[in-house]
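Sharing a structure, written as structure tokens. Questions coming.
We call the chains A, B, C, D, E and F, going by the order they appear; numbering starts again at 1 in every chain.
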Amino acid sequence: MFDELAERLRAVPTATAKQLLREMGVDRTVMKGLRAMTSGRRVAGTARTLHYLPYREDAAPPQTGLNRHLIDSIGSGEIVVIDAGGNDEGAVLGDMLAARAQSCGAAGVVADGVIRDVDGIRDLGLAVWAKGTHPDSNVRALLAWEIDVAVQCGGVLVLPGDYVLADSDAAMVVPPHLAEAMIGKAEEMAIEDEFSQELLRHGSGLNEAYPIPSARREEYERFARPKRRHAGS
Amino acid sequence: MFDELAERLRAVPTATAKQLLREMGVDRTVMKGLRAMTSGRRVAGTARTLHYLPYREDAAPPQTGLNRHLIDSIGSGEIVVIDAGGNDEGAVLGDMLAARAQSCGAAGVVADGVIRDVDGIRDLGLAVWAKGTHPDSNVRALLAWEIDVAVQCGGVLVLPGDYVLADSDAAMVVPPHLAEAMIGKAEEMAIEDEFSQELLRHGSGLNEAYPIPSARREEYERFARPKRRHAGS
Amino acid sequence: MFDELAERLRAVPTATAKQLLREMGVDRTVMKGLRAMTSGRRVAGTARTLHYLPYREDAAPPQTGLNRHLIDSIGSGEIVVIDAGGNDEGAVLGDMLAARAQSCGAAGVVADGVIRDVDGIRDLGLAVWAKGTHPDSNVRALLAWEIDVAVQCGGVLVLPGDYVLADSDAAMVVPPHLAEAMIGKAEEMAIEDEFSQELLRHGSGLNEAYPIPSARREEYERFARPKRRHAGS
Amino acid sequence: MFDELAERLRAVPTATAKQLLREMGVDRTVMKGLRAMTSGRRVAGTARTLHYLPYREDAAPPQTGLNRHLIDSIGSGEIVVIDAGGNDEGAVLGDMLAARAQSCGAAGVVADGVIRDVDGIRDLGLAVWAKGTHPDSNVRALLAWEIDVAVQCGGVLVLPGDYVLADSDAAMVVPPHLAEAMIGKAEEMAIEDEFSQELLRHGSGLNEAYPIPSARREEYERFARPKRRHAGS
Amino acid sequence: MFDELAERLRAVPTATAKQLLREMGVDRTVMKGLRAMTSGRRVAGTARTLHYLPYREDAAPPQTGLNRHLIDSIGSGEIVVIDAGGNDEGAVLGDMLAARAQSCGAAGVVADGVIRDVDGIRDLGLAVWAKGTHPDSNVRALLAWEIDVAVQCGGVLVLPGDYVLADSDAAMVVPPHLAEAMIGKAEEMAIEDEFSQELLRHGSGLNEAYPIPSARREEYERFARPKRRHAGS
Amino acid sequence: MFDELAERLRAVPTATAKQLLREMGVDRTVMKGLRAMTSGRRVAGTARTLHYLPYREDAAPPQTGLNRHLIDSIGSGEIVVIDAGGNDEGAVLGDMLAARAQSCGAAGVVADGVIRDVDGIRDLGLAVWAKGTHPDSNVRALLAWEIDVAVQCGGVLVLPGDYVLADSDAAMVVPPHLAEAMIGKAEEMAIEDEFSQELLRHGSGLNEAYPIPSARREEYERFARPKRRHAGS
């Protein structure tokens, strides 16, 4: 059931999800300063979080190797969300951790920090959103402090278990308790948008096509019915 | 006649146009902070302008729907120039307005703001220069205040009817009263550049090839003559 | 011998070189604010430097045309390193100088400034790292002041004769006296990484695969032996 | 009556006004990127607006000298609001215009641009909020395009006639139709804050002092009654 | 004993502490992007930490009112260190919390965020370092998530109990296990600097005065002896 | 004679000098990103330059101690101009070098970098323009590479011997061959401005007062005559 929601979510553009969530009362969902480092194809999954703090020569995190521990424990369809506080001096992802994440079935990585081996990661096929690249590891820049806790990423609160959705426009969070309702609206909206696009392609003006005017609602219903989920059920 | 100028302008690199206009006395022509969001192929056309002001909950523009009104009235070969004051919190272009602009024959969109549905817009084939992407609409970020007025875009003054030229290097304005003279020079310069490139490819040093030294002017004339416009007339 | 080192260096990712040089005591090697403007394929070569100072209407450099002079004298496998102090108002490279650099056998150009004719340069096949694009020449922005002197580029000291290494992750300097030792380590590391990647691809956890645990050292030796340089000698 | 409102508004900290207006439904009121260039003492007044567009060598505004015209027509208690689009290359205010504004009784100047003669302006006693200083005039940077129109300033919509309030914390807009209600609440809040401060000064914990707990409401009433406006009427 | 160290630390310029700590092996100590918002007089004390995460309409921290709880529990000589992730849209300190902190004997506040009521806070006499001002509260911008945990502030790791030192140059962390040794060196260095300053004031060249040349060591000893701590004991 | 020019230059606001130099054909004179770190009182003098390059662990400048060498050799009325390439990680001026510069009679320091001991420097009375403060020395950040050479500072070319002028509005360069002519115009302009200010103070409109209208030229002449230099000669 969970999987099915993530599957359906992957069909929802961030442009649609952002707007619907705002209309549903949750506005602070889009991470700032991140960009698609690999293909930009859309991914959706549940958040597994990693909280880095700045490196200091005389300090150590409560437990060592937490970043590796998190990646090793990633489940299929999960998305790694990394709070590096915007640090751009040491990579939070390289081709080794990326290979392991990929082999664990990770749906993607979203990081408020930088990555390295970007070509290698692209070749692996892992989808990554980050601030940019830096060729060094983070051993002198960051300390992996906690995992599976509430973090910030790109100025957005991400809780473990939140849905994360990312495509060429942005990476964003989707609160799980709103996901199903939002996705339902988004699926109808996708059909409406397809209908509007068709009208525009044939020369309609904006007011005749988008949003669909009431005079065309009947025509739209005929267009939409076979496209709806479980249409045949 | 106008169309023909835009057609010829589309063959002029911004690198050539910027330099020639500066030499002709107009220096403030290149928009800052914008980048090619789609293909980067060169476009040229006349400016249709849209002036956004920041959203405020208690205020409304003199007339509603002006952004849609502008897009609906775009003529073939026109370029939409959007002054959003650099706002990056709400998209000034999505796939619906893009589809309509495309169907109206717009040559492109140049925006001092952000866009959404960037993949969809790329698929439509519309050429867009902007500051980046944000997945939300602008209904809580901007108010479409005026159209077809003088605006700023990327720190450059754009008047309705100005030519706009954009490619992978930049988006810029071309004052219409200078366009024909500039384009004439640019066309000769293109042949000179082709000649210089040929010399460089065959091992000439820079001083032997670019700019073309007087000793090679005669040779150049033979090279250039068949390439000039109306060569046969 | 020199050529051979550069050749071997070209096989070293910046991610490996940066980390190894830090461990060897040299940390300030990665240029900030530059990005691959063309393909991002890796290049390596020896630095030829060019120092620009800001344009001032009443001043002239000790000698004119030094930028052209430098490009004309580029030798095969050299990399042009340009200190433009981060200026973004006039291009330090266009398609003419790029064509000449290419014809001289330049391995690439790394510039703390902007370029123009980016599409043309990409077509030439020259590899360039820079801050971005601006369509104007630099005649009203910069003065080519000195060549073949110590410069800064992206906040890093570059001496004439330093190695420069650049790929999709970054552009960086490699001190020549450390190059051979670093490359030797990097070559072994490449085989280790290949081995680790294979293990990860087959489902190993990070601690079983990276770094290679002692229990797997023997297996690794068998894997590595035929891959080492001069393996057959 | 209007004057009286501005007078009362001048006693309201921006910290209070911003929060109350948000609670009353208007959130986009604080200008970003501006700072107090002179004393930072609080000012309040009605907005007179000036819209600059970028300078272009071949263009002229519909009418010349509009910036001077505006300053010459400033009435007592008005605040000049300048939309320079964030331009930092030419001053929108110097000591001459400042002297005239001061002599006309201007309450202050708020500019999304830079100023010059900052020491002279400080000596005049005019209160100014701006982005910083630049010693040049704006004759090669900006064109005074329109006055008394809707503008943006620091990312906020300002309409002619809006109240503007500015102090050491920020410069902001106050919609006139909300001003009286907001000020009423603010005046009570000022007394509450005074009461809370007194409690804190005497060692109360935050929960005992701010906001005032119901157990202390009676005590507060005795404290507040003589301080309220028209207390004696 | 602890108090005495903080007291001695308050006499150490950040310029001295930063340099000595680097020489003692701890380099990442200076917070970036913060400035003295009030007097800039030097403060020193032990860190009490507060970790904010971004506001999201559908989320709540594990416990409410943690920011107030922290301030209420501040002990004499402690410094409040606030990790707001650089957020500049809602104040993490206003005059109420400042008054309570002051009344609890706080030595100062250091915040990776913005404050409001800056004039009022200055009047209270509380020393504050922050990123700037914003007049709104943070109720729609931040959630007080945890207290007395490891945080980042200005890109520096701060652990509860660390010393914090701040003056006009910067705010920084001082690891407690290095404090006594560092302060000892700093106290001698202060006398050396005083001696050097005297020499420079009387016309010595830098090499004769700073650092103190061996030929002047004896003279320095006579100068220093009466100034050293416990000189008379 | 030289001294006298610097003396007269010190009476010219940067606002006047910048505008006059632009009108005389030299426009690139104002340093960007610098601010008055001490009093902001106006200084003028001839430039002594220092060129820093970024620190690298394996490199050394041609000669060591050049920054100290320069400061030790500063002559009365000279201004130290430091090109640190904008580096903000190590101070290029502290209270020791400042004390020596002050004792040598330096007119001020202008640095494209950061300083430390800002309170101590302010107490010494030395006037400094810089990018900000950092408490560390620059021994791990910069290498003093050359002195008395052409440098950039804040994006402006500064040649040894240029005049430098700095006040609360900005720090700028004044080409020496234009200084006398510019100063002459500035001195007349100062009298005109004083006259205009007087008119404005008495209620004149801008067009009646600034610039001085021809109808008032005679009155101005009477006002100006006794104020002109050498008035009595």
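Basically, a contact is a pair of C-beta atoms (placed from the backbone, for glycine too) under 8 Å apart; a residue touches a chain by one contact, two chains touch by 3 or more.
Computed from a prediction, not measured in an experiment: that's the story for all the values here.
**Q** Which chains sit in contact with both members of the pair chain A and chain B?
**A** Per touch definition, common to chain A and chain B: C.
**Q** Over half of the residue-numbered contact pairs in common: that is the test. Which of B-D, D-F or A-B passes it against C-F?
**A** Answer for the repeat of C-F: B-D.
**Q** Farthest chain from chain A, comparing Cα centres?
**A** Relative to chain A, the chain with the farthest C-alpha centre is F.
**Q** At the interface of chain D with chain F, does the proportion of residue numbers present on both copies reach over half, so same, or stay under half, so different?
**A** Because under half of the interface numbers appear in both copies, chain F and chain D meet with different residues.
**Q** Which integer distance in Å separates the CA centroid of chain A from that of chain D?
**A** Going by mean C-alpha positions, chain A sits 41 Å from chain D.
**Q** Between chain B and chain C, what distance separates the C-alpha centroids? Give it in angstrom.
**A** Each chain's C-alpha centroid was found; their separation is 33 Å.
**Q** Where does chain F touch two or more other chains at once, residue-wise?
**A** 27
**Q** Which two-chain combinations qualify as touching?
**A** A-B, A-C, A-E, B-C, B-D, C-F, D-E, D-F, E-F
**Q** Help me check something: in the complex, which residues belonging to chain B touch chain C?
**A** So the residues of chain B in touch with chain C come to 13-15, 17-19, 22, 27, 30, 40, 167-170, 172, 193, 196-197, 200-201, 203, 205-207, 209-210.
**Q** Quick one: which bits of chain B touch chain A in the complex? Just the residue numbers, please.
**A** Residues 68, 71-72, 91, 94-97, 99-100, 103, 116-120, 133-137, 140.
**Q** Please give the residue numbers of chain A that touch chain E in the complex, ascending.
**A** Touch residues, chain A against chain E: 25-29, 53-59, 85-87, 143, 145, 150-152, 155-157, 159, 173, 175, 177-178.
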